[in-house]
Structure formats: structure tokens, C-alpha cells
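Dropping the structures in below, format is C-alpha cells.
Two complexes follow with subunit A in common, the first pairing it with subunit B and the second with subunit C.
Presenting the complex of A and B:
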């Protein structure tokens, strides 16, 4: 049996015994077959002594049981690591950041506490998955949509806490941006409600996010400061219709203006769906992996030879047909001056979805959870085998044409130099408001030598990105310290303030130790080693 | 492709395999409650075998899981056998674990393709006391 670092077997057994009394013996797991399910199947340390493994898992059924478990852990200084549905594949799965932690598995807390049709919001427990919410909305005939990530098996809470993203309208698809109201069990076992939830009897918890004073929601994003037991979300009222269109331009030099225009139109609310910038000519071999952007004359020659566009801006509109058709007309007008421009009208779909449409659409764009992403490989997009695994490398880059070109070239050049495979490469993902996030899926292996090379290469890439001012928005546990190191302004003031907050709110350092590079005092020097 | 005969043969042997050392499976005396058949690997499908319904799908487990398995896995019992791609099993296995179930036997039935995916037969059975029959 793995024990938490620095604990004797006897003390740990005593702690687990107390947790059994709190949640019931059936809900404390310490046998190898059970603990296997809490491994990160996509770990870059798979099978190595440093692999991040849980010592046990505990699954409480309600807030009171969470409080008891946290108090037991705090009294005995047992590190615990809360997860909601634990599907964080590509960013750590359900394994803890500090090996030997007890995973606090909140899957049994799966009640949808409220869906408020007039307020267009919901309040949920952490174990509620996107599928659970979708089923509920279907069964109740709701007019509301959720926004889900590609795999719908994760949870609204866990995904938002890691700052995940989806594919519908602005304000909803950056999942943290749609959060309104948090309840968290703190390290001392007490319960905090943020925003208007702090005011007993308020009916505005899922309306006015800020409440009074500093907005404390941020304490819980990518953090190690609490066990979130309830979370509110704004929900998107189902629109009447959906329309997509794309605009092709044919010169390397057009990119800068294309992005500026996209920004102006989005920030001016001329479209509300997820935009995209791609390159048909550089994605002709693999639609999910843009190749290196060549020099201007070479790219322009490729365009002439193939007839494919140099760049494509894509737009998505949700709303009444009359409105979204007018918006698309306006967007086209604004692009009419580009030399040789081509307009492609895509899907127009009235909502709710017909059974026929449901079969052919990209479901997450319609708030419909799916697991289809795990089978895209079998449809010929890349060589994706879900059981091999991959990690996501996702760096925030400037939202400009220059930003795309520079990030694409640096990443492509450095990955090639380092021999780092990428099976998906998209330089300008727009789930998060006003941002481009460069996404690369890096295959992970079950072979330690290959993974060592991968880890060293990714660390180098993190450094190189930092030198350009690009930082990851999220990352797997093996790289959390490296990524936090890159946010180094003011002699690492960001990390140091986070550590001060950690010490104040969790003096025994029991919660999610090491998450995003913030270690409790007693583990700080060795960073958990 | 795996033939109809192989599917039926597998259906016949699966309960025997499980009756050996798999305590969880032994708790389901009638054997399997359903088969899952991945049409990427199994041709000429039986819609049922010995009264056991077959759930057919083509790689993507979303619909069969959402419509049939998720509701069934919220109840006690329900032993599921399948012949699917290893990619589909990976996803099903992960879903099953969340609902107190585990893969209690699996056998590779063919070569890996260029993505490393191969056909596999398996049994998923309830193991957690909250869902065992």
C-alpha cells in the first residue's frame, strides 16, 4: 500500500478508518484493483516510480461527509485531492498531483439542485456530468443548453475548475466564464459560499456573480484551496437557429487584417458563435494539423498551384434566422475588399435539432454531449487511438496574425528539432473570450524511455514559449511547476502570493498539494519530491 | 471480420469463463444481460443470442451507452459481454468504472491496425456492493 509522504502505515490506517466511519466502508477504496482506476491513463510518467498515484480514494455522498473527511485529513495531515468526475485525460486524469494523496472522489454527489428556466442558470453538485445534465434537460423539456467539451463524460464543475472550454456561444464556451456562485468546503472543514450565496435567503446567487468585496471565485480556479461542493452556471437559452459561414482569402499577407477584422466583429457582438482561423493550403494533408507556415512567396506559390485558400476565417451565429442571416451578410460585406475573396455559406439549421440533423452535426456545437471524439481516428482524422493517450499542450498566444505566424513557426520548428510528435496542431483555438490558444496534442507512450524524451522536450518547449511571452493556460501535473515558473514577473510574485494564500487558508497543506505549482509550506522546497 | 459463428461461440463460452474465478460474474446466474457488437469488426449480426439482446454500434459508444447502458448501470446487476474495437472498450471501461463495474475478462481477437486498435471480446460486470445483484 502507498502511504502519503511522511506518514506511518499505522497513522494512515487510522485515518482511513476514521474516513470509513464518516462515509461508510464501501466508499473507501484502498485495494490495488480499485486504485488502478485512479491512475492517469495518459500519464507521461506511466509505470515509473515517479508516476503520480493515489494511496486511497474516498467517495462521500454529501457536503456533511465532505466536511468530516476534510476535518479528519486536517487533524492527521493527510493530503487529499478532490476530483469531480476525474476524466481529465490529457491534463492528469483522476490522479493526484502529489503521489500518496487520498483522492476525494465526488462522483456520488451528482444532484442537479436547480435548473432555473427564467434565469437561464443551474446549480449543480460536482458529480453531475454533461450527460446527466443533458438527460435532465431533455426529460424536463427545458429550453436551455449546456456548453460541453468534446468528451461529454466529464463534469460541469471539474471541467470549469480546470478552466476547460466548449464550442457554443461567447460567455458560455469558456466554462469558467459561465460560473456564477461557488460553495466550497475549506481546509478547516467550514463551508464558504461566494458571491450572493454569502447572503442568507438571497435569490440572486446565480445572477450577480461578484457579491461584495474581492471576488473570491478565483480562489478555486486551478487551485488547491477548497473542495467545491456546489457550483452555479449561466446557461444558454436555446436559439432559434444556427448558421455557419467561412471566408477564404488567398494571400499570405491577408492574415493580419483577417484577424483584426474577426476581433472587431466579435468584440462588437456581430457574431456570437465560436470563430476560427485556419489555412486550407497548409492543412490539405491533415485537417487537424496545420503544417509550418512557409515564407510569404512560397505560401503564395502553393496557393496558386493548388487553388486552395491561404487563410480561412470561419464564423458561427446563433439566433433568430432573420438576425443571423443579416449578421452573416454584414460579415461578408466587411470582407468584400480582400483580393479574390470567396464566401462559403455553411450549415443553416433550425432548432431544436431534428433527428436527421442530430446524426450529422458536430454535437458539442449544439450543447449535445458526445464521446464521438474518441472515434474520430476511425473516420480518418489523424491517427488517434484513445487508449494510447496524449497530453494537451495549450499556450495562450497573441490574438493577431503575427501571433499565429510566429507561434506556428516556433512550435513547428522546435517540435521538429526535438523530435516531438504532434497528431493535432491548431494555432488559434477560440474557446476562451478574446484569446487564441495554440493547441497541440502530443502522443504519450507506455514506454519510459520515450516518455522521458517527451518530458524533456515539453519542458524545453515550455521555456521557449515563455521566452516569447506565451504561457500555458492549463497543463498536466508533470509540468505544473515548469509552467508556473514561466509566470515569473516580479521574482515569481504570482507564485509567492499564491503560497501566502495557501498558507493562510490551508496551513497544514492538506488540499490538492502541488496543483498548478503551489505547494504547501512543508513540501515547498522539494516540490513534493 | 469475426464471423457470426465466432460471435455465437464466444457467447457460449463467456459465461463459462466468468464462472471460473470471477465472483462478480458468478452472481449473474443467467450469464450475460446483453451483448455489445461493434459492426466495424462483426459481420452478419445476430440481433439476439439465446434470448440475450445484442446492441449494435459502429465504434462510437455514445448512443448505446446513453440510451441503454447508463440507465442499466444505475441499477443493480447487468452483466455485459462484447466484441468491439479496443478503442470502444477503452471508453466503455472508463464509463463502467464510474458506475461500480469493471472489465472482468478480455481476449484480443485479432491484429492491431495502423492506429493500434484491435478487436477484443470482453465481459463487464458489477463489482461494487452498491451495484452487485
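Presenting the complex of A and C:
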């Protein structure tokens, strides 16, 4: 039996025995075949001694059982690592950050506690997946949409806690931005409710997010300070219609103004769907991987030779038909002065979706979960060599034309120098309002030599990005320390304050040790090594 | 994050670009016996391993497409047409994972549910064998 670091076999066996009493023997796992299912299947450390592995797993059915397990762990200083659906592939899956931790598997807590049609909100447990919620909404005839990320098997709670993103309207597609109300079991086993949930009898938990005093929701984002057992979300009332349009411009020099205009229109609420900036001329070979942006003269020559646009801004509108058609007209008018501009009206779809529409649309744009994303990792385009998984590199870059060009060139140049494969590369993803996040998908193999090279390369890329002022918004466990190191203002004051909070709220350091670079006091020097 | 669907739009390119290279035989309508494993399959397996079309009208159910490519016509890519996946075999694949598919935990799928899926797949394969 594997034991948590620093524990005797006898003490650990005693702790697991107590956990069996709390949740039932069937829901405590410590045998190799079961623990194998708690590995990070896309780990960049797969099969190596440093791979982050669980010593056991416990799957409680309700908040009372979570409280008991946390108290048992706290009394014995057993490190525990909560997961929701554990499907966060590419960002750690169901494995802990600290090897030897006991995974607290919350998948069985899968109750949809409320969907409030008039308030356009819901309250769910962490085991509820996007598929579960979508099914519930369909079965009840709800008028509400969820916003889902690409893989629909993820948890609403877990994805929001990790700051995941989707594709519908502003205010919903940044999943943390749509959170309203959190319940968390703290390290001492007590239950905290944030916002209006702290007021007994309140009916406004999923209405007014802040409550009174410091807004404590942030304590639980990408953190190691509690076990979130309930979470409220704002939900998007199904709009009457959906419209897309894109605008092609044909000069390298147009990008800066194109982005400035996109920003002004979005921040002025002239459109509410997810925008995009791409380059048809630089995506000829692979539509999901923009090549390096060449010098202005060369790019303009490519545009002339191919007739393809240098840049394409895409817009999405949700709302009544006459409103969104008027918005699209306004957006076109604002771009009419670009030399040679072309307007492309895309899909217009009235809602709810028909069966025929369902077969032709990009489901996440309509809050419909799927697993189609895995097509890329398993097959992909052209002569793609299927990988064993992937990780994401995702850095926040300036939301400007200059930001796109510089980030594209630095990433393309450095990845080529390092021999780092990318099977998707998009420099300006806009799931999160007011941000561009550069996304690169890196294939992972179950091959230690390839993965060692991958790790060394990614660490170098993290450093290079930090030198340019670009930090990742989220990352796999193997790189959490490196990414947190990049957020170094004030002699790493961010991390040091996080550590002070950690010490105050979790003095025994039992919860999610090492998550996003914050370690408990007794592991801090070695960073869990 | 999206790839074939939403990021096409984020990248500013046609959502159908490149689809032609991915053409495969699409199995659309099959007979599905009404048994407990059907619901489990539909909820847990079909989003990757089902039949029919993917999100944007192209044949992009990832598990079905990957198995089609792997077997090259020797076996069906769609699991509901497979007659060689009895419960003991299915348990190993589901628990261990394969390719890009990670293993499933008991908290997600119980052994009993995997057995129900195996029974359903066997029944579906028999019902659609055409013999």
C-alpha cells in the first residue's frame, strides 16, 4: 500500500478505516486496479517515478460525509485532494498534485438542487456534469441554457473553479464569471457559504454575489482552501435567434484597428456572443493552427497571390431577430472604411434548435455539450499522428493587434526552436471577457523521453512568456510551480499572501497541497518533492 | 477548449474546412434494443462512440472515427455494431482506458453498469448484423 508522505502504514490504515466507516467500504479505494483509474491519463510524467499518484480515493455521497472525511484527514494530517468529475484532462484529470494524497472523489454528489426559471440560475453539486444538466433542462422543458466547455463530461463546479471557458454570451462563457454562491467544507470540517448564502433564510443566494464584506468566492478559485460542495450559477435565458457574421480585411496593417474596433463594439454591448480574430491566409494548411505571422510585405504579397484575407474578425449575436440583424448592420457600417473589406453573413438560426440544426451547428455555441473535441487528439487533420493525449498551453496576452502579432511570432519561433509540436494554435481566444488567451495544444505521449523533452520545452516557454509579461491562466499540475513563479511582482508577494491564507485556513495543510503553486508550510521548502 | 467546432469560428475560418479529408462511412440509424444498458451507453459512451454525425454535420464522433481508422474496415468503428466486446473485455478497456480515452472510475461507472453496456452492445450487434 502506498502511503501519504511522512505517514506510517498503520496510521494511514487507521485513517482509511475511519473513512470507510464514514462513507461505506465500497467507496474507499486503495487497490492498484482502482487507483489506476485515478491517474492523470494525459500526464506529462506518465510512468515515471515522479508521476503524481493517489494513495487512495474516497467517494462521499453528500456534504455530511465530506465533513466527516475532512475531519478524519485533519485529525491525522492525511493530505486529501478533491476532484469533481475528474475529467479535467489536459489539466490534471483525477490525479492529485502531491503524490500520496487521498483523492476525494465528488462524482457521486451529482444532484441538481435547483433550476430557477424566473431567476435564470441554478444550484448544483460538484458531480453534476454538463451532460447531466443539459439532460435535466431538456427533460423539464427549461427555457434556460448552460454554457459548456468542449468536453461535456466535465463538472459545472470543477470547470468554474478552474476558470474554464465556453462559447455563448458574455457573462456566461467565462465560467467563473457566472458563479453566484459557493458552499465549501473548510479544513476544520465546518461549512462556509459565501455571498447571501451566509444569511439564513435568504432567497437571494443566486442573485447577489457579493454578500457582505470581502467577497470570499475567490478563495476557492484554483485554490487549496476548501472542498466546494455546492455552487450557484447564472444561466442564459434562451434567446430568440442566433446570427454570425465575419469581416475580411486584406492588409497586414489593418489588424491593430480591427482589434480596437472589436474591443469598442464588444465593450459597448453592440454584440454579446464570442468574437474571434483569425487569419485565412495563415490558416490555409490547417484551419486550427495559424502559422507564424510574416513581415508586412510578405504577408501582403501572400494576400495578393491567394486572394485570401489577411485577417478575419468574426462576430456572434444572440437575441431577437430584428435586434441582432440591426447590430450586425451596425458592425458592418463601422468596418466599411477598410480598404477592400468583405462582409460574410454566416448562420442565422431561430431557437430552439431543430433536429436538422442540431446536425450542422457548433454545439457549444448553443450550450449543447458534446465530446467532439477529442476528435483532434484522436485523429485530427491531414497526416496527423494520433497522440495519447494533450496538454494546453494557455497564456493571457494583450488584447491588441500588436499583442497578437508578438505572441504569435514568439510562440511559433520558440516552439520551432525547441522542437515542440503543436496540433492547435490560436493566439486570440475570447472565452473570457476583455481578454485574449493564446491557446496551444501540445500532444502528450506515454513515452518518458518524449515527455521529458516536452516538460523542458514547456518550462522554457513559460519563462519566455513571462519575460514578455504573458502568464498562463491555468496549467497542468507538472507546471503549477513554474507558472506561479512567473507571477513574481513584489518578490512573489502573490504566492506569499496565498501561503499566509493557506496557513490560517488549513494549518495542517491537508487540502490540495501544491495546487497552483501553493504548498502547506511543512512541504513548502521542497515544494512537495 | 474547442477545436473543430467553436475554435474554427474563433480562428476565423470555415467550420467545414478540411472535412473532406475526414470522410468516412456514417452509420446513421440502427435498431437499439430497449434494455438497461441502452441508457448507460447513450449517456456515457455515445457522445464519442455513437453513430450518426458529429456536431457540425461532418462525421466526427471521435471514438467511432478513431476506431474506424484503426481497424480499416476489418471491424466496425461504431461500438454498437461490435460483437466481440463481452463484459470481461469491456471492463478492462473501460477501467484502463485506451488511446486518448482515460479510464473510468467506479464512481462514474459501476462494474454492473459496464456489464449492462456489454449486454446492450451484444444485443445491438446481433439485431443489426443483417444476417
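Criterion: the second predicted complex is superposed on the first by the 517 of 529 C-alpha atoms of A that agree within 3 Å, B and C clash if a C-alpha of one lies under 4 Å from a C-alpha of the other, contacts with A are read in each partner's own complex, and residues count from 1 in each chain.
FYI, a contact is a pair of C-beta atoms (placed from the backbone, for glycine too) under 8 Å apart; a residue touches a chain by one contact, two chains touch by 3 or more.
Just so we're clear, the structure is a prediction, and the values are computed from it rather than from any experiment.
Once the two complexes are overlaid on the shared chain, A:45 sits clear of subunit B and of subunit C alike.
In the superposition on chain A, contact is made by A:33 with both subunit B and subunit C. Among subunit B and subunit C, the chain that touches a larger number of residues in subunit A is C. Residue contacts after overlaying the shared chain place A:290 against subunit C, while subunit B stays out of touching range. In the superposition on chain A, A:387 contacts both subunit B and subunit C.
When both complexes are overlaid on chain A, the residue A:311 reaches subunit C alone and has no touch with subunit B. Within the superposed three-chain model, A:374 lies in touch with subunit B and with subunit C [touch as defined at top]. In the superposition on chain A, the residues of subunit A contacting both subunit B and subunit C are 33, 37, 41, 85-87, 107, 131, 135, 152-153, 369-372, 374-375, 377-378, 386-388. Touching subunit A in their complex are the following residues of subunit B: 40, 59-62, 65-66, 70, 85-91, 94-95, 97-98, 102, 114-117, 128-130. Of all residues in subunit C, those touching subunit A in their complex are 1-15, 17-18, 21-22, 43, 47-48, 52-57, 60-63, 65-66, 69, 95-97, 99-108. Subunit A meets subunit B in the complex at residues 26, 33, 37, 41, 85-87, 107, 131, 135, 152-153, 369-372, 374-375, 377-378, 383-388.
For subunit A in complex with subunit C, the touching residues are 27, 29, 33-34, 36-39, 41-42, 57, 59, 85-87, 89, 93-94, 105, 107-108, 127, 131, 135, 149-150, 152-153, 165, 167, 244, 246, 274, 276-280, 283, 286-288, 290, 311-314, 316, 359-365, 369-379, 381-382, 386-390, 392, 394, 424, 426, 428-431, 439, 441.
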